[in-house]
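All chains are identified by letter, namely A, B and C, in their written order; residue positions are counted from 1 within each chain.
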């Protein structure tokens, strides 16, 4: 493995590559922070530039956009309560309260530091265990995916602890939203009401921007003080957030492992990784950490998980030619264009380029940390805008962001409708994050359940025949039983301290 | 607020208005163009980005590829048809939304409703199985196994009713055998499950085969073009084993033809055609496309009606093969 | 009606809307999906099974919420994420409500105008109106701010990211390709 890195080092040690990685990282932060656009769009839009670059420079730039973009969404989530990308939907749970408590600079610093460390962790795993993990991923078929989707859906209960029942309801609502459109199994049209704009389903970014950004605009106006000059403390460039992050080292490690694992499973996505990591961090937290009210651990968990997921997602992309997520699908296309064939042979045939790509990925995370910390005061200065200017600006950026993704005004209409839905749900204390979980996991759960049954031809017996799926489902069941067990009995089984 | 600030702002505002009202030159193209692409990101999108980028160098403006997946590609056409017919929106017309979906009643247009530019590329398909498979060793023994175990094998063509499904159903019907198609939203997941042993065979195109050639073996290439053999490590065509697919030319392949909305001015169409021809004629572009596993087809606009029309007729018979497969699976 | 009663009514309306969604799912299964032959059959063809169970789950959870509200009353406002302007007077609150409505209306106007009129004009006009509606004064400020924002947004999206935004009837767009972008 080290020979790959050494031969790669020769390719990456050029001013061009280093400059492109830094540029990509900054660009990624920007597209991530703008509501609507995310790392995927960033990569798509800049792919043509990469055609004319040497392979490692081109891939380095695109991967840096991926890394920066996966973190950038946290900035708007923390400052404005608007996830810049769906990936950051879990970050606002604690990031925004932190900012409200006057710790905006800390929150962003922690998000950046956690992202960079999580990303590096994912990178180290990628470098040393890619072929091994790829072989593990091959053993995850539809039954295992279904079992994991159930696990992910269970995280809704933790994420929406202020009202678990309502959270589960909005989670189910999210699943239904994702089912609108053409059923990928039978090709039947579901809940489209004969409207051809619904045939392709509703884009998740339109839903997320509507639910969070548009509803937030309304709440901001209701909150008043439109023309008042906001009192925002000046934030100085400070690396202290690194130490703040490192205080949560177990959380950081655990969330990075979760992120890498979900990343390595094609299709599981960083959104699920960050929600799962958040749920576990919250369940493990001590009583003095107030999750949901600005706990540093919450930001550490979600951001390290979703950036570790980048490294994880590159594992099947490079080692099996199965893209870990949509952004990786573009990266894979870029590899092909640069004359490289992803897949098991990539490591033997083009070892130097693989090594260079690995190092570029690590370098991107270093730049993410340095640039992110340097830019934090700039980000926070957004809060200095008076609300009468901030609200329309955010509305405009959100709307163009949604339009740009599919060049479609209908997506804007969907965003508008979900803005109203989000406003009403928030007003009546229905948590919104479970909708995002539902949208991602609903199709995974349904598709893989039906695929399992089709492959099995013998009903649910396929789950019993697959040890991994069976184990996950049994663990799910134990957790559910444990959760509904009355506190009295739990107290007898475990000393109170552990609860 | 003092005067100088007001003055400054007024100048900025004035300059803004001036910049935006800049008289548009009559020469097409005077701004960026978009190319609406029907699938999610992947190698097919990379191919379109190569062609678009080469065309943009001819035209002097940027061409951005917009991916609008959904409803088997129909959504992309709907999106493009909502835009003005001014040549600033091109359609990457893949066979599924252009020919197949109208055929099965999911779209109201026919290929005749669009103005063709040049044809872009085509992708041949092959049937692949695992290299370490012990139940069969080549295409004839594979067919023999299916004969002895009707409906037992599980395969994937990606999604139900797509072009690879039609071609595979047609090949199996020609040999009087059938199997169960398991749909996957991402082709890659199907290849993963073939590796993992949950599936018995799948389709592959040259790109996906090359990525998986450590584990997969080509049983037969489902085209009539012997040149395709080289793209699959010199594997045999199914025709060599006496299989009469009844699909010729472009019909058994995935292909796309760049088109624009009806009503686009002739001079604009002419410019786009010239640019596309020049882009496709470049050696480096040809090389890049082939390296990605997509064969440039180089059909001129004049042959659009003849070629695409023929595909439509043949796909009708392939559609019947899918219905035949469904009946067999249902035990009819 | 007191504010508390209004909130209580709202909670029940939202809950009934949830039941309405459940009903809609079953209605669609009974009509559209049945007509398409997708409401029965094996796992491949039965597109109704999964949504049906999700809808039943929503209904079950809805019953729990209803029971909770009947026994414990509706949740009080202290739990709301953003209590409506705590330190504003009621006059001010009514004005803010009006401004909120105006912004919603302008957002709708933006969507309607975007494709026919084009991005640049629409953004300049509608976003400027939004600034003004939110009390940005004197009036040249919203104008300048909106012109600047239009240019910045156009530069980021059209110039740097090469997104094709609608040009509309006036066919306006800064010629970024001539500026080497």
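We take it that contacts are C-beta pairs under 8 Å (C-beta built on N, C-alpha and C of every residue); 3 or more make two chains touch, one makes a residue touch a chain.
The structure presented is a predicted model; accordingly, all values stated were derived computationally and were not measured.
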item: Two chains sharing the most C-beta contacts; value: A-C
item: Chain located farthest away, centre of chain B as origin (C-alpha); value: C
item: Distance from chain B to chain A - Cα centre to Cα centre, in angstrom; value: 30
item: CA centroid of chain B to CA centroid of chain C, Å; value: 35
item: Approximate Å spacing (C-alpha centroids) for the pair chain A, chain C; value: 22
item: Chain B residues counted as touching two or more neighbouring chains; value: 34, 62, 64, 66, 82, 160, 183
item: Where chain A touches two or more other chains at once, by residue number; value: 45, 185-186, 407, 409, 451, 454
item: Touching two or more other chains - residues of chain C; value: 44, 115, 162-164
item: Complex contact set, residues of chain A against chain C; value: 30-31, 34, 37, 41, 45, 162-163, 165-166, 168-169, 172-173, 175-176, 179, 183, 185-186, 188-193, 214, 217-219, 221-224, 226-227, 386-389, 391-393, 395-397, 399-400, 403-404, 407, 409, 412-413, 416, 419, 424-430, 442, 445-446, 449-451, 453-454
item: Interfacial residue positions of chain C with respect to chain B in the complex; value: 44, 115, 120, 138, 140-141, 143-144, 147-148, 150-151, 158, 162-164, 167, 171-177
item: Footprint of chain C on chain B - complex, ascending; value: 1, 6, 9-10, 12-13, 16-17, 19-22, 24, 30-34, 60-62, 64, 66, 82, 88-89, 160, 183
item: Chain A-facing residues of chain C, complex; value: 7, 10-11, 14, 18, 21, 24-25, 28, 32-33, 36-38, 42-47, 50-51, 54-55, 57-58, 61-62, 64-65, 68, 75, 79-82, 84-85, 87-88, 92-93, 96-97, 99-100, 103-104, 107-108, 110-111, 114-115, 119, 123, 127, 130-131, 134-136, 145, 149, 153, 156-157, 161-166
item: Chain B partner contacts - residues on chain A that touch it in the complex; value: 40, 44-45, 47-48, 51, 137-142, 181-182, 184-187, 196-197, 199-201, 266-267, 316, 320-323, 326-327, 329-330, 332-334, 336-337, 339, 341-345, 406-409, 443, 447, 451, 454-455, 457
